[in-house]
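Common to both upcoming complexes is subunit A, partnered first by subunit B, then by subunit C.
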Partner chain A sequence: MNTSEIAPNKDRPGPVAPAGSLFSASKRDSAWSEWVDRQSRTLFISPAVFLILVFSIFPLVASLLISFTRIRPRVGGYQIRWVGLKNFKKLFTGSEQSHLLGTMEGGISLLGWTAIIVVAALLLWWLYRYVRQEFKVVGFIGRIVTTAAALAFTILFATTLLSGRQFGTMPMTLVYVLFGCSLQFLIGLGLAYVCTQPIRGRAFFSTLFFIPITITPVGIAYQWRMLADMNKGPVAPLWEWMGLGEFAWGSLAWPARSMVMISDAWMWIPFIFVVMLAALETVSRDLTEAAEVDGAGKWLIFRDITLPQIAPVAGTILLIRWIEGFKLVDIPNILTNGGPGIATETLTMHSWTQWRTLDFAGSSAVAYTLLFVSVVICVSFFNLVIRRYSRRQ
Partner chain B sequence: MKRLSKFVLGAILPMAALIGGQVSAKDYADMDFSGITVTVLSRPGPVISGAVDARGKQFKELTGLNVVVEELPYSELFNKILTDWSQGTNSIDAAVTSSAWVPELVDMGLVANLEEFVQADTNLKPEDITDYFREFNQKVNGDTYTLTLDGDFHMFYYRTDVLNRFSQEPPRSWDEWFAVAEAINGKDMNGDGEPDYASCQFKKRSAQNYFVIMSVAAPYLQTMGTSQGLWLDTETGNPGINNPGMAEALRVYKKMGDYGPPDELNMDIADIRSMYLAGRCGMLIEWGDTSPLALESDVVRNLWGASQMPGSTKVWNRDTNTLDDCNPTLCPHAEDGINHSPFGAFGGWSAYINKNADPKVLEAAYQFFSYMNAPEQSNYDVTQGWTGFNPYRTSQFENLDNWLDAGFTRASAAAYLNGLKESLNNPNFSSDLKIPGAAQYTSVILDRELARYLAGEISADQMMSNVEEGWNEVTDDFGRDRQIKLYRGMLGLSAAMN
Partner chain C sequence: MGTGTGTKFNLPHRQTRWFEQSSIGGMSPLGKIISYFLLLFWSLVVLFPIYWLCITAFKSMDDVNFGPVYIPWVDFTPSLHAWRNIIVDDMADVASAYFNSIVIAFFSTIFCVMVGSLAAYALVRIQYRPKFGSIMLFALTLAAACVAIGRWGVDWWLGIAVGLAIFFFLWRAAVKERFGNGQMSVVVGIFLVVAIVLYFSGNFSPDFEKHGKTASIILALVVVGWSAAHWINGRVGNSDILFWIISQRILPPVVVVLPVYIMFQRIGLLDTHLALIIAYAVVNLPIVVWLMHDFIATIPIDLEESAQLDGSSRFRIFWEIILPLSRPGLAATTLLTLILAWNEYLLAAFLSTSKAQTLPIMVSAQISQERGIQWWNMSVVIILMIIPVIIMAFLLQRFISKGVLLGAVKG
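Coming up: the complex of A and B.
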């Protein structure tokens, strides 16, 4: 009932306060209660916001400040010395450069130069196309950042991997995320697609594929450590029979990396499987059946009907997986301790190792480097792929 | 009566086995620590903390002191102690950890000085503690701050049956080591028909690999006695790591891998222990746990001999920066032209007390650790592999009885104890690094660059150069003058620099 419709009458009680209002109605109280009603949303979410600020934003800012200092515990407090960008210089150009980026001395190979030129050309063409077709200042700046990052990563890989040299924790993390997680997505999607087909045992396999995600990462790492033990693990007789009894995967860079990626994939493919299965099951059967009647093959149906409908979910799940992938630490820590050498060490492990020896500032510098890299990649993916595709939908 | 005797024996003997040793009850009868609790922090048991807990229960029966052992993963121990004591939380009264951490804590004024307690202690028998552990492990700047419970240093172990079978003598130098390795590598050492390995070594990254390289490098780097030091220049604080001696040690260490398991780079100490206890290894470098642990194996019980670490006939000449043959001037402690330098890897699990603990708690904690350190208790504990405690007292390796009771044969006990004696009596015994930031120098920088070198990512020259650069940064970060002063103190040198 609208209170303005009630005529004022001394025998009748005054206007009834609207439901949810905290105060009784008088002209002044009415203004106050309306103000409170308008602020009630803010008031109710303030405790949660406060907690997030205290436990997320404040530590984020504090660790950023720490990365510009040298900090050490002393009796009754901490000894803090401002050093500016010294910790970052140490990482990118100093004694930690080869640990972070890789071995960079010795020039770039022909293959490396080819990769740089091709990628640079593609990026420039992409920028040019954007400027010609749909230029916006903010979008252009974002694309410049993405271009710079993509070119920097290409040069990094060209100088290290493509020139036959070892790469460090940053490129290693990028391999895990961009290659490893993307491969997990494809396998998860494939399994989900198979489970949408009318095959026998569908329900059984759907349940079976889901089980690994219920196990903790540390449990999975130890499990794979046992399974991959060629000498004395529970599967050692099988490895012996296959002629792999003396295969030292832990002493070789790429086999060790592969083992880490296999363990990580075993854990996370079920997550992708579950989400993509749900997405695939929402695809309209009418469209696919109509396409089948028209004589379209399975691949054509998947490409032109199924994929566009699951694309928003697929993009989101891939983004979530990438964000999680940047944090990888438990599996390489237990399987290889980051070895052989630094072959399987991630940026998170790099940061953790520094922290463990009370080098808080060095650890923060590595952590912020990771934050910058992950934000650039994930925001670029979100803006250039997910949002773009959502707009088209 | 017979049944009662059997019952009594059945009840008492296991208890005697648990508590072990002969208890000097009369010394502790006058102590009353009832109502006092001492919280001791250490690593996860049963190794070390299990032994502390077992002795704690025994001490409680004697004095009423309640000893509570808290456990944390090894990598978190130092962080916990430093933050707990420096920030005034003081929830931990005492700790049993690496003695290498103590000088930094002493420098911050966090550790109780035990010198007065030690001077008044009639049970401790400090003259029985070997020189190295008494003077370098327990003392900082001349005063006692820790009590040794475990004498950690590296020894060289060899399968006596395998060497005898192939007519080999235990190698005294690294050159001899390779000759023996060539002779025994690939032979079946445990009767299962499969070829086994001349050498097994834990080389996994972040798994104590850096201790072993320093054990290999020590005889190349240090010749003039413990006070010369391995790590830094005692005048300038510059790293003593980028030189021909270290280069040769790296070459030797990498080549050792040719005689080991193919997956050695991914093997930690637990993996290696399971291999040598299964009889798959001919030689190895380890702490004093090997022979006691071998008693638990049906395959290699009493088959491991021990000696001090192999030495070198060539050493680093610091004046000319060259690798030179040993001579009486350059290697005054050489034996038959071979310079040995057993390395006090890790320092050993030692007990120390929070300076800000309640005075009654402090005294009670000291008496408890004195009780553990006293020969009556420690001489038994070091014979039991499960405690993790290794010998550090002269009486522990001169008296065979406890070892025979533990299951050693006379021959294997004599071989093991001879290795201990040789090592601990060597005046050129080298000390582990015990200055602030030790973990950054060793378990971060040295460990990482060593792992990269062994994996073939970088050359020996790059490895040494990277370590040198990293160590200089750490030294400057902590303050070069302060680090030099503390390093000199660690080596028993005066603070004044020439």
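Coming up: the complex of A and C.
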């Protein structure tokens, strides 16, 4: 390396090409490469930005516009008519209501009212506390949105589930994400915790638990359909013996929903397990051992020492799991085909079915509902939980 | 980490204590029993479905249909008829889907990792200060012009020209010259008053009845956008761009797939490999940028600086220094993207019908067969489908355990 050349060009990575140096460009194409190098700032990032703008942002806007229209395919193009909020009205209060939200007629049961009042009181108390302790305008607006969404979801569940009625694709997606995915997370974390205990064969078990990640989701759905078959599946004799031979999980709403959750859990727990195991292994031994010397129990150590250290990673993993959970489509599509009725249909599937009946605008409206729900939940979780834990670190 | 069970500190004559651990960092015997029970139970949960899948692939039709049989050579005689069905008889279908899947997964991964790591590198090493506010302002004035054209039948050229002129004026005034906050608020205040007057002008003069309200709303929007642009410009940095790219992952694919479908239909790309390659690359781009950004940030800058002093271009630095140094991260990212592309279902269902049909779509199509699902054939197809992923995943596992994913999650 020629040290005398270093001096002037520290800021501008210019074409100073000392002869014989390792990286010098040849002289013939120096003008061209000089130009390229000057543009490199833009050239490096623009392919990614271009791809996202064209295939992500533009369709996002277009989809919103489509959801305000009635669009019909025609020979050589589309017939488009602006209808304003009609598609959304149809979804939330019109003929599609029972598909999206569930059966709403007939009032709310006592249990439903109790749930609504309890949740509303809790939310109000939480808001009040925020106003009293730390008040920022942006934070307050964000919390108002979160509160409104939480209250709306509570009312939704109170009118459908807690009043003993069928529910639609939106509550199904919420149950699936908020309950199913969180349960997966807890199981994954528990397994990872057991695998960090001082016992023999940990390496073997952690390799073994990784295996399901390799099986494709479509395959998993088939595999569980096969396993859960009441006549030909491996547990059939057991069912027979228990006198449940005629029982068909596929024809009842909750057993079918549990099957969807079990199959998906089987697929995703390995992922959570692997990352949480890596996180648990970084927890410093000194602290836990010091606590043990002081006579703290395993649970206490886990709660007060281990958990705060893995909290940021745990929060992020749960967030990733929720984000991906909202996109669930392949497993219910193959396992139950959305049935019985619409019991296991997720929002993505709902949108897809609309698309297949050539109701493009309705499909976009459902998709936007999904986007809204998932963004509100994920952003709330990110701001209220993950940010808080990271700040505390 | 201590691996010993710690029993050597235990005094031999004592009786076994079931609930107490024998040493610091050890476990109580009961805890050990529970742990082993849990681990073995979960091993069963993991292995049994896979075992069942594998033996079903070797069962004959009768073995499947007349009650479950469990152990090959004891309960039933394994046969290869399902394999013959798939590999010999259905050769054409399976092979074409297999070929499509390989081509699409491979090229989309290469494309995605290339574009993604370029962007990730740029976001680590180059400071960007995009004039985002100006871009927003431009889009806003253009949108206003479009509304004017659509709503009032203003001439195309005139609308665009006036829009551009307004944009240029606002841009010069606020964004480029950088008004102070006081000046800004006075100008915005004047504009807003004009907008309010316009809004109610319909009450005084019937000429304004029709357009006054729309015009005032447009004016107010442009002014608010203008002050927002003034505020935003210069505040958007690399971390915001990174966040913007990564946050694309929240977007459910079903939201964007419909316009993409129409777009590909118009340019005749529907049901081609290229359509799926592009779609998969875009969907997986956030993951690549996220993982690679974190990995490249750990590479020391010294090497690059000395190469820069030697006069090598950024592309050269990227190709000859960054890519070789980030090989572990690159490998993990590539394999993860490959698996995701291999398993993708929804986009393939929308964008391919026959020619570019991938394996997941072919497999899921079997469900509507008239004779019911032929489990033995399905098992063979699924096994064929997961073999490449098993190979990739065992390569991937080495890298994941090195904490590549963990680092990104922490960041």
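Rule of thumb we're sticking to: the second predicted complex is superposed on the first by the 338 of 393 C-alpha atoms of A that agree within 3 Å, B and C clash if a C-alpha of one lies under 4 Å from a C-alpha of the other, contacts with A are read in each partner's own complex, and residues count from 1 in each chain.
The definition used in the following text is that a residue touches a chain if its C-beta (ideal position, glycine included) is under 8 Å from a C-beta of that chain, and two chains touch if they have at least 3 such contacts.
Keep in mind the model is a prediction, meaning the values are calculated, not measured.
Q: In the overlay, answer first, second, both or neither for which of subunit B and subunit C A:339 touches.
A: A:339 sits against subunit B, while subunit C stays out of touch.
Q: In the superposed arrangement, which partner chain does A:232 touch: subunit B (first), subunit C (second), both, or neither?
A: Both: A:232 reaches subunit B and subunit C.
Q: Once the structures are superposed on A, label A:75 by its partner contacts, choosing first (subunit B), second (subunit C), both or neither.
A: The answer is first: A:75 touches subunit B but not subunit C.
Q: First (subunit B), second (subunit C), both or neither: which does A:329 touch?
A: The second partner, subunit C, only.
Q: Where does A:133 make contact in the superposed view: on subunit B (first), on subunit C (second), on both, or on neither?
A: In the superposition, A:133 contacts neither subunit B nor subunit C.
Q: Scan A:56 for contacts with subunit B and subunit C and give back first, second, both or neither.
A: second
Q: Which partner reaches more residues of subunit A, subunit B or subunit C?
A: In the superposed model, C touches more residues of subunit A.
Q: If you stack the two complexes on chain A, which partner ends up touching A:250: first (subunit B), second (subunit C), both, or neither?
A: First partner only, subunit B.
Q: Show which residues of subunit A both subunit B and subunit C reach, each in its own complex.
A: Correct list for subunit A: 231-232, 337.
Q: Which residues of subunit A touch subunit B in their complex?
A: 70, 73-77, 90, 94-95, 98-99, 103, 166, 230-232, 246-251, 253, 256, 336-343, 353-354, 356-359
Q: Could you pull out which subunit A residues touch subunit C in their complex?
A: Answer in residue numbers: 1, 5-6, 9-10, 13-18, 21-25, 33, 36-37, 40-41, 43-45, 47-49, 51-52, 55-56, 58-60, 62-63, 66, 78, 190-191, 194-201, 205, 207-219, 222-227, 231-234, 236-237, 266, 274-275, 278-279, 281-282, 285, 289, 292-293, 298, 312-313, 316-317, 320, 323, 326-327, 329-330, 333-334, 337, 347-348, 351-352, 355, 360, 363-364, 367-368, 370-371, 374-375, 378.
Q: Would you mind writing out the residues of subunit B in touch with subunit A in their complex?
A: Residue positions touching the partner: 75-76, 78-79, 82-83, 86-88, 108-110, 204-207, 261-268, 274-275, 437, 439-440, 443-444, 448, 451-458, 466, 469-470, 473, 477.
Q: Can you list the subunit C residues touching subunit A in their complex?
A: Contact set of subunit C toward subunit A: 1-6, 21, 24-27, 31-32, 35-36, 38-39, 42-43, 45-50, 52-53, 56, 64-65, 67-68, 70, 115-116, 118-119, 121-123, 126, 128, 241, 245, 248-260, 262-263, 278-279, 281-282, 285, 289, 306-318, 320, 339, 342-343, 345-346, 349-350, 359-360, 363-364, 367, 373, 375, 378-379, 382, 385-386, 389-390, 392-393, 397, 400-401, 403, 405-406, 409-410.
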